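As structure tokens, here come the structures.
Presented sequentially are two complexes of chain A, the first with chain B as partner and the second with chain C.
After this line comes the complex of A and B, so read on.
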């Protein structure tokens, strides 16, 4: 992958972020009626509304408001929460590690379990292993993550006290405390993605196995692990990486549900509270932060394509 | 018997067989007649044999059976494929892997889809050396560079790191050939190696194969439907139709005195400069799909000489040294071998 391509992708990512920033900004502007009144609630006094309007800078022209907002944004100032009064940046910085940990671990679970199972199923096409993987994968897609989380917690944290049922321990308290709190929610969150990946991996493996270049490789004496590692994996990975990129964004959003079940205060719970309280600065901060993560994931996916598929490098 | 054996270009009957296929029968595991039925031929050491016929006649399946790379659905019913003393049909996967890419190399059609798009051509050529000679990366790469040179790719050192899509079709096929000879084979199976290429490139690739044959003493089994390639390149011809071998002959005899109506019809359907401005003959109808092959001679429904006796199983008849036909009417003397058959 050439430097020019990386730059082009980066530029595209920046464009997406700018669009998101406009939409996020308009979130407050598009609220029907006076956002200040809406935020203040039914029993607010005129002074309250005026104070909120002043705080949000709603008295200035829209363009000026946006430019000022962008300026603050670039300095890392996302405003303050209307309720706790704490800065939005701080609020997100506090909640993000738990959510990113759950999401990251969920992706790891999904890749290891999903790609592994899909690979075996594809290689043993038509066997009982293949049928078992297909059945379990369908189940995995059908089961909602909060229910899986409840099942896992009841089995591994309540019936057997192997793992903590709720809560979160930051990584600085040690690898095991961190991991032990995350295993169950991350597994619950990642299971559906694992199932999705298993199906795509299986399909991709079956598709690649009948390609002429696999026959050529076999005709050269390649077989078993050698054939899988050198010829099958890279070629079969391309559609799987696409699916994984799409799923990463979904997992970040889906984290909300398992956070609630596992009693973890992360971005999800923060965002839900902000929505319920109409805490617009926090909502804006959450949306922007998620957009940045999704853009970064897509950038990583694009770079991975180039690494996997040499044809993309010149495209 | 009017077919006189020709002295030139004819394999001596005693030439030692490198590969002999005997009674090979393949089917789909159903009650349908075989996709390939009782196929029998030999490739002598250092010689070049063509396996020809229309699409769907079973020539590629036969070649894949030799490599042990038949599609899953296809079943070997019976037969023997003897390669230098090993029966490839019964030797087991380990022995088969030793032979594939080692003593038996393979070149396939459509190099674009037959080369791995995610691997450099250097790695693909080096692969057989690493697998069969347990060479390390560096040694194998050095060999790959020599092989690229050998197959006429300029600037070999830089080209090692190219990917297939960065090369032209002709170059890709040269890479395929380099990879096929990397394992120092004694036999190369070439399945339609020139079909997907431009005419001028075809000639270059054939020239390269011919040089390699001469220099390395390779035996070649060339699977093709291109009679021009056969005349140019091969010593002997095995003609297949609908899963049967209908005629085997030294190449000049096959072209001058074909002893099966199908061979003669095939030859008649090739445009010739000495017959300019005459209508091109075509073979009426098409190859029946597998499963609806007629009993007896399978070419009977399309044959203008078909008689009642053609419905009976046809025996293999030797007309002259190395010249076999399975046309009963030629064997009985009703028909005279030749291009007007």
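After this line comes the complex of A and C, so read on.
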């Protein structure tokens, strides 16, 4: 991938983030009625309402509000929570590791299980393994991840006390405490993505297997592991990477509900509380942060195309 | 390549019959009929009032008078499941309705007119799609306030770029056709061309997308109701029943099963029908 292309992708990402920032800014403006009164609640005094209006900067004209908001944003200042008074950046920095751990682990589970199952199903088309994979995948897509998380926790943490049922342990407390808290919610979260990946991997393997270069490779004596490793994986990987990019946002969103089930204080639970309290600065920070993550993942996906498929590098 | 190759397949004469010929989608359709039927007939067939509390009979197991047991207030779970079927049918319709209301005209317009309108709305759609769906739904609920209708409107807004893209893509393909050119030549207004000549030809991909979105909307409803931003008590949806079951899982560990199964079966039904419609309408055979 040439430097020019990387720059172009970067520019597209920045444009998307700018639009997201405009939309999140508009959140407060679009609130029907007076946002300050709504936030303050029914029993608030006039001073409370005035304080919140001041804190949100609602007294200034809209354009000035937007410019000030943008300026703060560029300096990394996302404002302060209206309730805890802590800075939003700090709140998010504290909640992000748990959420990113769940999502990251969910992606790992999805890739290992999904690509593995899809590969086997594609190589053994029509066999019972193939049918089993497609049945489980169809079910997996239809199951709400938070329900799966409840079932897994009930089976592996409550009925059998093999794993902790709730909570989160940061990685610095050791690999096992971290992993043991995350393995159930991450598996539940990754299941639907695994199902989606299995379907696409299977389809992609089926497409590649009938190509002339596979026949040629077979004629030259390539078979088994070598055929898969050298000729199939790389060519079958492209749709899989695309799906993974599309799933990043879904996983980050799905983590909201799974965190509740697993009793983990992460971005999701922070966002839910913010919505219930109408803590606008926190909501805005959460939406912006999520958008940054998704844009970064998609940038990584674009770069991966070039790495997998040299033809893209010059195009 | 002729232009016909890029044209979406026109709706077959009897797509429903072709869909029902597959065993899996016949079962799915039967389940959908059963679901809608029990949603409508809930007051007649429910054995108990869904909100009637028997506090002396909390977390009762399966019995003849309570076929699926009772919940944390001693309410009959089966009756609540049946009433919740009403929400399972109507809530996704709100979301899909909003998405079509926004996405269809915008997609038609962008696909026909191209130019600046197309570029701007395309960028906006990309941006909305780049956000995690549930995160943007939360943000919109923050503006509108919690509640089932607001939550489903929020989900509908999140869906609208998806509908927009499907409609725009299909419209672009149709717009190259000679019958569109001749409609313009005999003086049809853009609006008339779009509604009378373009719309019937993009109905197939739109129908497929709408069916699939019904399942996604139901999952979104369940998620939002589970965390308390959707349906408000004492009303129940399968998602909010799961929320209640989660909070009382030490008293009644199996309470999470019935609403979950109802949810999975219904989503599976929408997905199966969506897949079948796609195959039939695009002229593919069962995979």
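Quick note on the criterion: the second predicted complex is superposed on the first by the 315 of 315 C-alpha atoms of A that agree within 3 Å, B and C clash if a C-alpha of one lies under 4 Å from a C-alpha of the other, contacts with A are read in each partner's own complex, and residues count from 1 in each chain.
One rule holds in what follows: contacts are C-beta pairs under 8 Å (C-beta built on N, C-alpha and C of every residue); 3 or more make two chains touch, one makes a residue touch a chain.
Owing to the predicted nature of the structure, the values given are computational and were not obtained by experimental measurement.
When both complexes are superposed on chain A, chain B and chain C fit side by side without a clash. In the superposition on chain A, A:154 contacts chain C only, with no contact to chain B.
Of the two partner chains, neither chain B nor chain C is touched by A:182. Between chain B and chain C, more residues of chain A are touched by C. Looking at the shared chain after the overlay, A:287 reaches chain C, while chain B stays out of its contact range. By the touch criterion defined above, A:231 lies against chain B but remains apart from chain C after alignment on the C-alpha atoms of chain A. Legend: residue contacts after superposition of the two complexes on their common chain; A:213 is shown touching chain B, with no touch to chain C.
In the superposition on chain A, A:30 contacts chain C only, with no contact to chain B.
In the superposition on chain A, A:49 makes contact with neither chain B nor chain C. Once chain A of one complex is fitted onto chain A of the other, the partner contacts of A:222 are limited to chain B, with no touch recorded for chain C.
Legend: residue contacts after superposition of the two complexes on their common chain; A:117 is shown touching neither chain B nor chain C. Closest approach of chain B to chain C, taken over C-alpha atoms in the A-based superposition, is 17 Å.
In the superposition on chain A, no residue of chain A contacts both chain B and chain C. By the touch rule above, chain A contacts chain B in their complex via residues 211-213, 215-223, 226, 230-231, 234-235, 308-311, 314.
Interface residues of chain C, counted against chain A in their complex, comprise 123-124, 126-139, 141-144, 146, 215, 219, 222-223, 226-229, 239, 242, 245-246, 249-250, 253, 256, 260, 263-264, 267-268, 271-272.
Here chain A touches chain C in the complex through residues 15-16, 19-20, 23-24, 27, 30-32, 138-139, 141-144, 146-147, 150-151, 154, 158-159, 249-254, 256-257, 260-261, 271-272, 274-276, 278, 280, 283-284, 286-287, 290-291, 294-295, 298, going by the rule given at the top. Touching chain A in their complex are the following residues of chain B: 67, 69, 93, 97-98, 100-102, 105-106, 108, 110, 113-119, 123, 127-128, 131-132, 163, 165-166, 176, 179, 182-183.
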